[in-house]
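Two complexes are shown next, each including chain A; its partner changes from chain B in the first to chain C in the second.
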Partner chain A sequence: MNSDLAVEAVGLERSFVTHTGVLRRSRKEVEAVKGVSFHLERGELFGLLGPNGAGKTTTIKMLITLLLPTAGTARVLGYDVVDDVREVRRRIGYVFGGDRGLYERLSARDNLRYFSELYGVDPRRQKARIEELVELVGLTGREHERVEGFSRGMRQRLHIARGLLHDPDVLFLDEPSIGIDPVGARELRATIGSLVDVGKTVLLTTHYMFEADELCDRIAVIRSGEIVAEGTPQDLKRLVTAGRVLEIETYGVAPDAVAAATGVPGVQGVVVEERGQQQVLIVQFEAGAEVTQTVLASLGDVHVGRVSAREPTLEDAYIQLVTQDVPG
Partner chain B sequence: MRQLLHQQWVCYRLQLRVLSTSLFDGLLAVFFPLMFATAALLVYRLNGDEESLQYAGLGAAIMGMWTCQGVIASSLLTRERWAGTLELLVAAPTSLTRVLVPITMALSTIGLYCVVATILWERWVFDLRLEVASWPLFVVGVLMAALSLALFGFFLSVTAVRYRTSWALGAALEYPGWLLCGFLIPVSSLPVWIQPLSWAIPTTWAMAGIREAANGGSPWVDLAVCAAVGCVYAALAAYLGQRLVDSARKHATLALT
Partner chain C sequence: MTSVRIFFIGGLMSYRAMFNWLSPWILIPSLVVSPICQILLFAYIGRSAGVGNDEFYVIGNALNYAAIPCLFAMGATIGGEREGHTLGIVLATPARRIPLFLGRALPVIANGWGVAMVGVLAGVLLLDVHIPGSAWPAILLAVVVASASCTGLGLAMGAVALRVRESAVLGNVVFCLLLVFCGVNVALDDLPAWMAAVGTWLPLTHGIEAARLLADGSGLGAVDGLLLREIGVGLIYTVVGLALLRFFEDESRRSASLDRN
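This part shows the complex of A and B:
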């Protein structure tokens, strides 16, 4: 373990046991995280990407000491997340997305005062610190209002202020932009970006590819509890830039037609995206291969709309990573 | 030490604000205690025995405290869990004991408000003037009842960290508590095998002390036992607190609603 690193996870595993039934109890064990390893340099903004249920939140909760790992080790600023719980907690901030996690009946300022006390902020510095953070997250003028009247974006910014109260060195942001409108999300991204400018290390989980692309120095893609790719956004894009993408609008495409299209020589993968009444087939194929006619023929009687070819994006890389085998 | 007291004071004030933001909350907090007190006094008034009415009047006042404080305390952390704040409280570098004490003390304040409201209700609606030989000792007894209930509530609330349905235990204690604590009937009239259960609840001793103060006796022995029993629960809660948090981290029950 290297204590110069902000976060270091080695072979982290976590399984959950559930029981069902009253007389005939049945036990089920689910492996949520299966041997995840990664590290964050100090001052880095690292993204953990993955679909719902991939193990992002479970990984974060192990790092912030809310869950004990089933196996593996993790350190934050050199402190073990199992043995040095208090030391870890003093140095980290945790922010999660959604409406919950605040006292609705208290004002934004009182929420911050309460958590200031619990996170050991010096009483003499509290007032100035709260004012500073309220300004940082753009809630100046609204801090005396009760949280119950806040929009989701305002709550989210208040969450970030709460997470920064004790000036933590490492900040864990778990899907902070979930459910926020585009303007609010953009403001939030600007706030997150400014954290790194003041020397914070940030671990961000999200399933918005553009968000990770804009903010993160490095990204790890997690799927079914395992990291399937890691690198800079450019590294991940390169995974699919060797090929091209064909988008085919269809109506009522059946799974066997998709399977047939996947089997066409030169096709690397097919993903179906539901867009209202349409199903858009996103076909990734090898550069130089001529697959358009063959793929269309493989769809049989399916009603086809617009067909277009384009360069692959980071989102294509992400979709490929979380839905298919990683290319060698 | 100064910082600790500052922390506890600020957290207490803010938690009290959470519990008492609106007039509606204020009315709701006493609604059930007042209705229960009303039912008890109506029953005791039937035989026209002034002594019995005094007995019930005193008991009904503290019964309200038991209802709104002891029972709600067990659902304290369930409330935090539903609000999504439980994980943040546990993830704080402050120990869970320091987090919970101001919350239970805020509940005690609501409990005291219930006692005062019930006494006034008894006077205005039933024209029942409580005959208390020593009001200062009576107040000491009530304060001890509030404090010991806070400690008992602290114990009940800690278990909710690990067992998310433990709030139901608190709710289930409400009506047995009326009998066990001697609010409306003397503990000595209960079956002998049940009486040890009564003595294990600090409120039973507080109630006995309050009755002594009202009757002109010395409440100190009862109140001392009450304090001791309350301290046992507090120590047990402090001991169990960290273990239950660790168990919750192991079994992933903190975020479950």
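This part shows the complex of A and C:
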């Protein structure tokens, strides 16, 4: 373990036992996280990407001491998340996405005051600190209003202010931009970006690839509880830049047609994206291969709309990583 | 210093944040009208049955109703955190748990005291109850002790809310138990021995008995044993509550029970 690192996870595992039935109880064990290892340098903004149920939140909950790992170890700023619980808690901030997690009947300012007390913020500094954070997250003028009247974006910004009250060195942001409108999300990204500028270490989970691409220094992709790729956004894009991407708009494409397209020589993978009435086939193929006509022919009678070729994006890399094997 | 602030300031803010009866539209019917109705109901049942006197029912039911805020508000200050998804955030803070949770009890005790005293005053105004002026300070004290003791039980209930979501259902059951077993409307001497024995291990029982004696003109010295026993019962529940909070918090880390129904 390296105490110079902000976060270090080694072989983290977490399984859950669930029971169903009353008279005939059956026991089921689910492995949510299976031996995850990664680290965050101090001052780094690290993204943890993965589909729902991949183990992102479980991993974060272990790092913030709310869950005990079943196996493996993790340290935050050199403190063990199992043995040095209070030391870890003093030094971290935790923010999650969504509407909940605030005291609705209290004003934004009182929410922040309460958590200032819980984090032991110096009473002489409390007022100024709250004002500073209210300004940082753009809630100046609204801080005396009850949270129950706040929009989702305002709540999310208040969550971030709460997470920063005690000036933590490491901030865990679990899907902070979920459900926020584009303007709010942009403001939130600017706020998150500014955290690194003031020396914070941030672990961010998000579903939005452009967000990860714009913000993160490094990214780990987690799938079914395992990290399947790790690197800079450029590194991950390179996983698919050995090829190109063909987008084919279709209407009513059947699974056998997708399988036929996948079998075309030169095609590395096909993913179907539902867009309203359309199904868009995202076909990744080897550079230099001429697959367009063959793929279209393999679709048979399927009604085809617009067809276009483009360079791969981080989202393509992500989809490839979470749906199929990583190319060697 | 931090723990002291968490106890006093944090406790009050948490109470304001979590106890949803603070709106006058809910508070007055729940904590003023309902206890008066309960007092009137049992006083008139007693009158029509020719059993007991108004003072017996007024004091018993007024103190019994202190259990509503003591049980439900205390349960809400912990269970409500779970509903509002703030519990995980609170538990992820380094705040010491004893001041964090005990601080929430202070406003609840004051609330329970207020509810019981409104009931006693209403009984004095509406029914045939005469309490000597000199007895009031000691009665105020007895009601504080009974509210604090009952809040200890509320803390234990709140701790259970860390594990199960149905703390309000549990509160209703416990309220009924207190109504039956604590000598609220039937004196302990008239209850079957096993019920009276259970009553002696519940909060309110000794407080109600002490308040009745005080209202009848006894001095504080005559009821100090009862008040000490009431305090002792309350302390037992408080210690059990804090131990349960510790246990269920550790359990939530082991089994992710905060995320389950």
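Operating definition for what follows: the second predicted complex is superposed on the first by the 328 of 328 C-alpha atoms of A that agree within 3 Å, B and C clash if a C-alpha of one lies under 4 Å from a C-alpha of the other, contacts with A are read in each partner's own complex, and residues count from 1 in each chain.
One rule holds in what follows: a contact is a pair of C-beta atoms (placed from the backbone, for glycine too) under 8 Å apart; a residue touches a chain by one contact, two chains touch by 3 or more.
The structure displayed is predicted, hence computed values, not measured ones.
Enquirer: Following superposition onto chain A, is the placement of chain B relative to chain C best described as a clash or a fit?
Expert: They clash.
Enquirer: Let me test your reading of the model: by the given contact rule, A:249 touches which partner, first (chain B), second (chain C), both or neither?
Expert: Neither: A:249 stays clear of chain B and chain C.
Enquirer: Report for A:31: first if it touches chain B alone, second if chain C alone, otherwise both or neither.
Expert: Touch partners of A:31: none, neither chain B nor chain C.
Enquirer: Look at A:118 in the shared chain and tell me whether it touches chain B only, chain C only, both, or neither; answer first, second, both or neither.
Expert: Touch status of A:118: both partners.
Enquirer: By the touch definition at the top of the document, which applies to A:66: first (chain B), second (chain C), both, or neither?
Expert: both
Enquirer: Could you tell me if A:86 is touching chain B, chain C, both of them or neither one (first, second, both, neither)?
Expert: In the superposed model, A:86 contacts both chain B and chain C.
Enquirer: Please identify the positions on chain A that touch both chain B and chain C, taking each partner from its own complex.
Expert: Touching chain B in the first complex and chain C in the second, residues 16-17, 61, 64-68, 86, 89-90, 94, 98, 100-106, 110, 113-115, 117-120, 123, 162 of chain A appear in both lists.
Enquirer: Inside the complex, what are the residues of chain C that reach chain A?
Expert: Against chain A, the touching part of chain C is residues 2, 5-6, 9-10, 13-14, 16-18, 20, 22, 84-86, 88-95, 100, 252-256, 258.
Enquirer: Can you tell me which positions in chain B touch chain A when the two form their complex?
Expert: Listed in rising order, the residues are 3, 6-7, 10-11, 14, 17-18, 21, 83-85, 87-94, 99, 246, 249-252, 254-255.
Enquirer: Any idea which chain A residues touch chain B in the complex?
Expert: Those residues of chain A that touch chain B are 16-17, 61, 64-68, 86, 89-90, 94, 96, 98-106, 110, 113-115, 117-120, 122-123, 162.
Enquirer: How about chain A: which of its residues touch chain C in the complex?
Expert: It is residues 16-17, 61, 64-68, 86, 89-90, 92, 94, 98, 100-106, 110, 113-115, 117-120, 123, 162 of chain A that touch chain C.
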